[in-house]
Amino acid sequence: MSRQTMSRTRVSDAELAGMTSLAPRSDFPLLAAQPHLHYLDSAATTQKPRVVLDAITRYYETVNANPHRGAYRLSAAATEAYHHARVRIAKFLGVADVDTLIFTRGTTESLNLVASAWGRANVKAGDRIVVTRLEHHANFVPWQALASAVGAEFVIAELHADGTIDLDAMARLVTPRTKVVAFGHVSNALGTVNPVAEIVGMAQRVGALAVCDGAQGAPHLDISVDSLGVDAYAFSGHKMLGPMGSGGLVMRRALLEQMPPYQMGGDMIAHVGDEHTTWNVLPHKFEAGTPNVEAPIGLAAACDYLTALGRGNVLAHERALAAQAMAALAEIPGVTVLGPPANRRGGVVSFTLADVHPHDLSQMLDADGVCVRAGHHCAQPLMRALNVHATTRASFYVYNDASDVEALAASVDAARRKFAG
Amino acid sequence: MSRQTMSRTRVSDAELAGMTSLAPRSDFPLLAAQPHLHYLDSAATTQKPRVVLDAITRYYETVNANPHRGAYRLSAAATEAYHHARVRIAKFLGVADVDTLIFTRGTTESLNLVASAWGRANVKAGDRIVVTRLEHHANFVPWQALASAVGAEFVIAELHADGTIDLDAMARLVTPRTKVVAFGHVSNALGTVNPVAEIVGMAQRVGALAVCDGAQGAPHLDISVDSLGVDAYAFSGHKMLGPMGSGGLVMRRALLEQMPPYQMGGDMIAHVGDEHTTWNVLPHKFEAGTPNVEAPIGLAAACDYLTALGRGNVLAHERALAAQAMAALAEIPGVTVLGPPANRRGGVVSFTLADVHPHDLSQMLDADGVCVRAGHHCAQPLMRALNVHATTRASFYVYNDASDVEALAASVDAARRKFAG
Amino acid sequence: MSAELEELYQSIILDHNRRPKNFRDMPDATAHADGVNPLCGDQLTVWLRMDGESVADISFRGQGCAISKASASMMTQVVKGKSRADADKLFDDVHALVTGRAGAQAAELGALKALSGVSKFPLRVKCASLAWHAMRAALHGAGGSVTTDQSGGESAS
Amino acid sequence: MSAELEELYQSIILDHNRRPKNFRDMPDATAHADGVNPLCGDQLTVWLRMDGESVADISFRGQGCAISKASASMMTQVVKGKSRADADKLFDDVHALVTGRAGAQAAELGALKALSGVSKFPLRVKCASLAWHAMRAALHGAGGSVTTDQSGGESAS
């Protein structure tokens, strides 16, 4: 079956055979245990290498304690491990001012933090908030809700037909009344890599806050957040080989210092009076309560692992697999690949197959061990503009190789034939 | 040295020798690896049994995927594991309506959720919020901030000299204008177990929201949240043998359904329009973004472990150790034990030693392997009322035994002699 | 392809998916209700024209996977002409069938038995029952919008 | 008790803790500043009376552990009479000492060398330097409140 399909693609078997994975599959316990699994849903969450699981276990077996508040050595060791993880992750992300990296549960919480704490204090009635049509709900709904709460205007920058942002149109939307420009680094639904510098420029011209959703940026691109020039950058550790519950927000120190805190409780206070409370310094001001220490420790191990793979190799690897998948899928009758050309995207391939519903398609693929996502990808506003109800999405990461592309194409073709009746 | 000290206490060596731990120390990798460690800081965070670490590792090795959104079997398995954990934890807590258990990072986030989402929608200028003098900052500062944001009155119910709440005075504070009564189940600073039913009664008489901080309740008492009668109950998994980053909020369904969501993003929406968004059903409405799946899975394993130990044995065990520690410490010249008698407290013993600063004392104790907390215990309002700057706190849990009490008393006595010069 | 998958996607299901019956608006409907599956975003509307206690006409329209479309299509065929009580009974029987709790009644389900393959795929139970929930809401004048999540027990998540 | 702990709590430290020098308000101060350690809640105030470029009088008061009290007490003894520049130099030297980066200068620190034991206990560095940060803030007219957390590098957390 696979032979039959592949013979119709433009990518030769030889070329495909040449694409080995960037990371050894054996480093990933789940993938090693399920050799026939083609895990193509890394944009949703990634599998974890053994080193990450070991780092978490080792933390609990050797230094677990509540950090910051204990004078005893175990607590000091936990504090140190937590701090050291922050230093390593900041370095990985290219953030020089370590304490401006705030740990959160992930991208969603980071963006809510900005929209709530900064937004409520700075966005007023009559102001404007600009987002793009590509946004994940996490970078759309909090801004929509903020706008409606304070009486600001909520405006959506539209796309070109190929799924890239219409920058000219967007520039016209970013008026002097604009207080926030919120945009994704890389689209999770189409894979589009957005031109951060241009968009930051628009925001800077009018003094608006440039907020970048880096959920699909940090895991894949060799970035330095400091050089991106954004005011706020949100990311999720679980999408970059780290544990669930890890992630963060990088934000300019001056903004973090001026804005009110987000959550309140232990660790984030300086003095709690009966009437009035003052806040602790960064990063503590934004990390209320007992921190999830294992999360950054696991994530730091993931960062080290990615660094060892060669940061610059990740995007190239994914892009090559995505390009091969696009070519293979395009050969299958009825398949439409959505979004920009391979050189303007990350390792995400979203497509439709005639009138086969993505839910059915992904169910068929699953029977062949091919794990893809079917649905609106938390991007309903984008689905409306594309005039599709849902898509099927394959996303590649460091552990994928040519066999995954091959299995995907073969399985889609088999489903096509089945549904054609 | 220990002999010398213990001979002065009222608890006989024989009695002490009789107090074995409730849970085998060998079940806890960190404690097993450090046999001379006397971990007496479980009120801050507990050590984790092997079964919890294994549950986390097994999750990542076998079913890790983004739940809810995937049609493939791995994602279905992750969804099922996540759901199953909710069912088990709800059962452990005595919550019949499983979907009213919302997972959060812990107590602090849960209380902020209530104060923000419910509070902003329901508390108005001129209303009153009543908290107690015992509260942890997590159940104090969010209410203080809410009151100041909406122009409500923030009132503190004071204590009797023994650290129990003055219920008569509190009842007078809970007026018809009162919208929130926020109180802790068990004080983390003094160990006081509060009379939940009486306080809930006060709130119900005036139709106020009864919010209970269960951070020190859920780990220790054999509770059924449903029968407590509170409107909202917050707890932290990491204080009950579960992983960091686990915890939750139990709240009445009608309230959760009426109030606006807290964080916004993936999973918690029903439909995202360009102008307006509608919310998903419970529990999803309050769990925006990719959930931390490992957290409830680890916590469910912890609940099972506690159940196997015998839920009703936990408090009895801690209380016995606390009573012995109180007796032993009271014999040491200069020691003042704060708070109520042993039968009105959990396994927490807070004390001062003449003019020896708790920071110095805990440093000295640490040298003997005794891990205690020194400071304000995130309860600065309480410290002011007690007229102390800080205290030293020992807290007991299922893995502690008589040797921990003995080491504590011996080490405190040695420090006393050193500082007396 | 696995036997379970073959059973899920029987050719009768695929046929209904390709050419759904009664897939149309109904201007003279006496009741209608929407069904929404918030997790995958599928949605459909079911229209009813009641004649006293009996279903004179029934139709549907919407977005959905093969399972939800085929289930809706077959539903319109069997429910048409039934009494309110019989339609309720069918709802219960189909629900039991797709959740794998079907007993003797299955004998009476006729073509609907093609939906039995769903019981092996817990995530698809919502797809198969979406139209049925909407039908029942319309039948009892609830109207508005129902979501499969609110329907409790059948959820796999 | 471990040797390191003995070194931390040398008897000179314990003596200063029991009977701190210059532990008093200063009504005729020309400058003062507060030092706060937000993690443990310790706080103290340092007062200065400057006579031109030299420290005519210095005192402190506040809540703190033995290390912070002893450090403050010894500080008042050595800083009194010094020039602004010398006081700054002492700040640097003590900072280097308690963070374990002390070189040749240590020779000139005299009694302050008793603070060297702190370098083995990273969490206590903040205690030892709290009064010094407040002194420097007062010296340079910053006044207000300084926290040891803002002082960067020496933090163990």
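The letters A, B, C and D name the chains in turn, as written, and every chain counts its residues from 1.
Everything below uses one rule, namely that a contact is a pair of C-beta atoms (placed from the backbone, for glycine too) under 8 Å apart; a residue touches a chain by one contact, two chains touch by 3 or more.
Small disclaimer: the values here were computed from a predicted structure and weren't measured.
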Fill in: Required minimum of steps from subunit B to subunit C, each step between chains that touch
1
Worksheet entry | From subunit A, the most remote chain by mean C-alpha position | D
Discussion item. What's the distance between the Cα centroids of subunit A and subunit D, rounded to whole Å?
Written reply: 46
Worksheet item: With chain centres defined as C-alpha means, what is the inter-centre distance between subunit B and subunit D in Å?
Response: 37
Worksheet item: Could you state the distance in Å from the CA-based centre of subunit A to that of subunit B?
Response: 33
Worksheet item: Between subunit C and subunit D, what is the gap in Å from one C-alpha centre to the other?
Response: 77
Worksheet item: Which residues does subunit D have that touch at least 2 chains other than itself?
Response: 39-41
Worksheet item: Listing for subunit B: what residues touch at least two other chains?
Response: 69, 71, 269, 271, 359, 363, 374-375, 380
Worksheet item: Considering the complex alone, what residue numbers of subunit D touch subunit B?
Response: 1-2, 5, 8-9, 11, 14-15, 17-18, 39-42, 63-67, 69, 121, 124, 127
Worksheet item: If you look only at subunit B, which of its residues touch subunit C in the complex?
Response: 67-69, 71, 76, 79-80, 82-83, 269-271, 280-281, 284
Item to complete: Can you check the complex and tell me which residues of subunit B touch subunit D?
Response: 356-360, 363-364, 367, 374-376, 380, 383, 389-390, 414, 418-419, 421
Worksheet entry | Complex interface listing, subunit B residues touching subunit A | 29-30, 33, 37, 39, 41, 44-45, 47-48, 53, 56-57, 60-66, 69-75, 105-109, 111-112, 116, 136-138, 140-142, 144-145, 148, 154, 156, 236, 238, 243-245, 263-267, 269, 271-277, 288-295, 359, 362-363, 365-366, 370-375, 378, 380-381, 384
Practice prompt. Could you pull out which subunit C residues touch subunit B in their complex?
Written response: 36, 38-41, 122-123, 147, 149-150, 156-157
